[in-house]
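The same chain A turns up in both complexes below, where it pairs with chain B and then with chain C.
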Partner chain A sequence: MLQGAIAGLAIGGVYAIIAVCMTLMAQLVRVINFAQAGIGMFGAFLAASLAQSLRMPVPVGLLIGLVTGIALSVLIGLITQRWLPEASVSARSAVTVGALLLLVSLSFILFGTRPMTFAPIVSGTAFAVGGVVVSQVTIVMVALAALVSGGAWLLLAKTTVGTKLRAIADRPVAAELIGIPVTSLTIGVWAASGLIVTVVVMIVAPTQTSDATSLSMLVIPASAAALLGAFKRLGLALVGGLLLGVIQGAVSQLPELMLVRDWIPLVLIVLFLLWNQRKEVWDAAR
Partner chain B sequence: MPRASHPVTDAVPVAPAPRPALRGPSRVWVPAAVGVAGILVGVVVSLVLPSSLTFLAITSVIAMISLIGLGIVTGTAGMIVLSQLTFAAVGAWIVAWFNQIGVPGGFLLHLVVGALAAGAAGLLLGLPALRLRGVNLAVVTLGFAAAADLTLGKTQFPGTAAGLRIPRPAPFADDRGYFVLAVVVLVAVAVTVHYLQRSRLGSSWRAVAFSERGTAAVGSDVRTAKLTAFAVSAMIAGVAGGLIAGQVGTPQATSFTTLQSLALYVLSIVSGAHLIEMAVFGGILWVLIPELLKRFGVPQDWGFVIFGVLGIQALTTGSNLGQDIRGAIAKRRRRRSPAPESGLVPFTDAELGALGSVSVSHGEPVLELQDVSVSFGHVKALQHVDLVLRAGEIRGLIGPNGAGKSTLVDAVSGFLPQHDGAVSLAGSPLAGLAPDRRARLGLRRTFQQDRVPPSLTVGDYVRFVAHGGASEAEIASALEFFGCPPASARIADVDVGTRRVVEVAANLLAKPRVLVLDEPAAGLSHDEHIAFGQRLRRIPERFAAAVLIIEHDLDLVRAVCHSATVLNFGEVLATGTVDEVLANPEVSKAYMGEAELL
Partner chain C sequence: MRITRTLTGAAALAAASILVLAGCSGQASTSTATGAPIIVSSVSSLSGAGTFPEASAAAQAAFDEFNAAGGLDGRPIQYKAYDDKGDPATANQVAREAVESGSVANIGGASVLDCEVNHAYYEEQGFSAIQGTGVDPFCFTSPAISPTNAGPYVDTTLTLTYGSEKLGLQKICGLLAINGSTRQAYQGAIDAWTAKTGKTVTMIDDTLSYTTADYTPYVVQIKQQGCDAVYANLIEPGYVGLLKAAESQGLDVTFLFLTSGYSEQFAQAASYVGKGVYVPAEFAPYTDPSVKGNEDWAAVMDKHNVPKTSFAQGGYLAAQDFIQVLKGMKGDVTRETVTAALKGMTTPIESPMTGTPWIFGAGDTHNSNTAGWPIVIKPGTTQWVAAETDWLKLDAAK
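Showing the complex of A and B:
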């Protein structure tokens, strides 16, 4: 159980990072990005396939993959920013459903439908305490999760850029009127989230079932975690992601609960939201 | 007639232009006839189609069925549902399982049970939709699809491992026969959904997509509307899933993946699948695009890439094929026969003479507020408000901005259940009753914001609001009285001020005891203001409703109201006849500030 829970911490870190990215996007650019993990998947697949089929050196492949991840994210950002600047969060987010479909099917065409083998970037055991093994991936993921959410918090709360970003989030038109470069900052957010998520998927892909669909669907437990913080609170998104990973890891040690494991994120989100939103009887405040 | 008089433009009363006939019972059979024709076309197609294409044609028809179902939740009721093929998998699973354990009744019965099971699953997943909206709901449905996908991948369908085939029913055993069966099912589903869309239930789906508060305020239960949309949609998906099971014999988890659900959602957006003909078109695209790609030697996965691009295009422009085509047709029709000049114009003196003078008589109290208080945190929005509205009375509720007028309306109509004090309608207390219950008991309200769903026609909206309480003749006469556009006009084509007049007329047709109007004249021109006032004055005698009206325009209040209550900072400042209240120096102080400051 404990070993499983510790092992789950690695994937929990992934959930947490993607959840933090999704929370930032929801707040700063008003999009729930369903293609968030899909972008990372595409970058990671491109990197692996460049290294394998074109015999490119691994670091070069990774670099190209990263740039592609950023570019894809920016492209989606430009589309929503250009055509749906004033639309509702739902309408803007629905576009990313189309993007997710596009990315997954494009990766089927380019890289095939089979799981891909990745050269591990981080591997091996970090240390073992009393028979419980902690892998390096776990350490890296948890550290990265803390770094991303802590960094995001510092950026937003303590820097001028953060203040500008929050101004854009609250009143985009007013922010533009007082001279904040809305478009470039918005695109910057998209680029940063594309970068972070591609790095994370690249690190975690070698330890996972790594087909395009399951990597892209990392977005589901991640959004479950982000929903814990109502797509508003970074801290809760972080905690939610780690917790979800730990629970799933612990449960996966019990073979009789094999089928239950996949339903945990869904059941948790639904129960939590029903409790949390119990007062949201109406769609509008008045 | 003190203030509501106006220059006479035309002494001869003009007969109102004849209105287009309301949709009568004569056209009810048309969809059924189209359905029969559809089946005949299906039979012909099954005979002429090369056998190599028959299997694909079945796939296409099944996709049409799924899309019709999806159109109800995503198109009509406006919710993002990304798990349509999971509901289909439930239907397929039941059909496969019943076949494995040998449940009697045969394929068709299994299909029906599968549909019911899928409907139940839809109902279950619809429960979160009562609190979750928009993207949150999309996340939940996507999670449902992904979890079911993983589970199905592990368990597979019952009997699949043993290679057990699901037999098709007797006359439809070969592909051609099964195609005809699929077409018959498609027609049955399409005709049923067509009638549902035109029914009250269909109107409630459209209304809930636009505004939940607006839906509840006209006496429709928001929960019922949402859950039925989910259940009907899932049930139709279950039919499609059962048909897939019969089509392939041994259903595979790979036919029901999350990715395909996403593609189906995108396709429903691209085509505009809430319109049945567009769902049919979408079903054709579903097989045509991959098939064409195959013909040109392009891998079929490009099909979903194309769907993705089309989807992004449709979502960013907010348009879909069905809407575009219908819009173009409507535009052409309008150009050929321009809409009749409808409008709210003041009565001529001759018309006023024909209508006679307004009789005012007050009866028993119909609406009583005793000691009503509302606080939001530390803000006391209303404090110890007493108010009585008698039968036949038109009472103005006035006061400066922020005085608590709209809060009072919310408390009375049931949107603020936590208020203190008592509200009673015709002597019976309303405590604890939801807004839709209050509306059905005869307490109606309108909104300061536009809460009239633009996707309905004026006639459909009025019928929906009136709750079956008004005859077609009454509807036509009330619309004419208020100078509303004809019943066939689309609300989307009507300006916002006029929409609110339609809202007032529609609520009156529900024959309420009390109608509460929240700034009904906002957005009307000066002439329309006068004309609207003339109509409002006649509400008690014409519609037998007492009226409580919030209004900032004191001219309108003087012209229309018998009495007035003034709120200031949440408290009743004055109450009495309109003249008394407006002469009260405290009232002018509340409106204008202290005299010294002027």
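Showing the complex of A and C:
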């Protein structure tokens, strides 16, 4: 079970990073970005496709994929900011669902429906402790997760840019009136999340079967993790992601529970929603 | 405001019509055969969880060559490959579309469920199918269908036999991706191996599917069992995922895979192969120049830009076998006469691409290909090479 739990840390790191990005976006730009993983997927697929079909050198392909991921994120951000600045979080999040479907379909058209093969960036085992193997991807993912959440917290709490971002999140109109460049900072947040998630997907995609749909659906377990912090607390999103990965990994060592493994994030989401609505009267919570 | 609205409306209409017209553009067929076309179809899984596009593409290429050379006494073969999307309802629908469009037979199809979903319909309609790659068990147990490939069940018995008898592997762990009702067929194949060799698998995990993304938990289980070999019935992307997970977890064993992994892309994507990846190829290995018989096939595939995989070999063979049967027919070419000709076959068609000759015939089951040529990707290499100099044959066909 321990081996399974440790093995689950790698994907847990992925969940954690995406969850932290989603929490940041929920707080700063008032969007629950369902296309988060899809953006990373598209950038990674583009990089792999360039390396495969056009025989570009891998680093060049990766760079182009990275820039594309950032550009896509910025594009969605611009659309949301330009046409739905005053809309509710639900409306703005609905745009990202459309973007997700578009990205997956576009990926099918451009790159085919078969899973892509990626040149691995990080692969192999790092070390083994008493029969428990820790892979290199696990170390990289957990480190990245800590770095991203720690960096985000530092940025928001200790820097001027962070204060401005928090101002925009709290009172967008007032922030604009006192001269904070709302649009540029908002786009900056979108660009940063696009960059982070594309890097993460590029590292994790080569270590498993990678088709467009399953990579884009990483957003579901990531949402479950972000829900632990109610899309407000970064620390809890980090913990939630890692914990979810570990639980999934441990559970898949028990043959009886193997099939249930993929339902765990959904069960957690349902539990959270029930808990959230626990004080509501039946009729009122419609 | 009104002008803008009208302009926007007109632009939208123009855009929509361009899209529709672009989609409607058909392919102009050029051939020297100008007679009444013979309509031939196939039902394949071209999209969905498990896709096998090369079989029907290869059959199309073979028919294009046949048409360019004059067709059947001047009659071209008009081939249409239907996509069942891996969905039973769609498979049902396209099978009916094919038969009702006047198709005389299904040639070169490769689908995860066409045989299972539609065999009763084909039998009822007196319609025959030569699968380019039979995947589900009903492809091999229906009077209306005779595939050119050995199939994943015969291939399973072959790969396990090679592993235990030739490679001397002691503890084999099995991973099965089950689609539809194939579990029993795989068990039957494993039992056939047990009956022949007296050995059994140490562990079988049948909870995988074609869409399993992360193989880490399975690799961890295999390590705990202490197996020295892993048998898996996946498709190419699954095999890549499994090898990647094995590399991450340091699982250094021999891998016994099926022909679905036999392609050059797979060999290049498989940067880690443990102690070696072995496959009993259903058709003569085309990647090893010391093995003869694939030259014509390779030339046609290259000419028509069809990726060279074992599915492409199957589709090509299905088309060639069908053409040979057509040439031996006298009179009208209709669904009924084609079925009669196929069922009336008494002489099998030999080919250097298979270990056993292909035949349709009047039986209730058809599994004429019962041989595999062992090939291997050795550690440190990214190419398939022949591991033996001849076919490995099952003693008796099912």
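Brief remarks follow.
Here, the second predicted complex is superposed on the first by the 276 of 286 C-alpha atoms of A that agree within 3 Å, B and C clash if a C-alpha of one lies under 4 Å from a C-alpha of the other, contacts with A are read in each partner's own complex, and residues count from 1 in each chain.
By definition in this document, contacts are C-beta pairs under 8 Å (C-beta built on N, C-alpha and C of every residue); 3 or more make two chains touch, one makes a residue touch a chain.
Everything numeric in this text was worked out from a predicted model, so none of it was measured.
More residues of chain A are in touch with B than with the other of chain B and chain C. By the touch criterion defined above, A:163 lies against neither chain B nor chain C after alignment on the C-alpha atoms of chain A.
Of the two partner chains placed by the overlay, only chain C lies in contact with A:208; chain B stays clear of it. After overlaying the two complexes on the shared chain, residue contacts for A:259 are found with chain B and with chain C alike. Shared contact residues of chain A, touching chain B in one structure and chain C in the other: 108, 213, 258-259.
Interface residues of chain B facing chain A in the complex, by the touch rule stated above, are 80, 82, 127-128, 131-136, 138-140, 142-144, 146-147, 150-151, 154-155, 211-213, 216, 257-259, 262-263, 265-266, 269, 299, 301-305, 307-309, 311-312, 315-318, 406, 410, 415, 449.
By the touch criterion given at the top, residues 47-48, 51, 205, 207, 211-217, 220-221, 223-224, 236-238, 240-241, 244-245, 247-250, 265, 268-269, 271-272 of chain C touch chain A in their complex. Residues of chain A touching chain B in their complex: 32, 34, 79-80, 83-84, 87-91, 93-95, 97-106, 108-109, 213, 217, 219-220, 223-224, 227, 258-259, 262-263, 265-266, 269-270, 273-274, 277-278, 280-284, 286. Partner chain C is touched in their complex by these residues of chain A: 3-4, 7-8, 10-11, 108, 113-115, 117, 120, 123-125, 128, 133, 135-137, 206-211, 213-214, 249, 252-253, 255, 258-259, 261.
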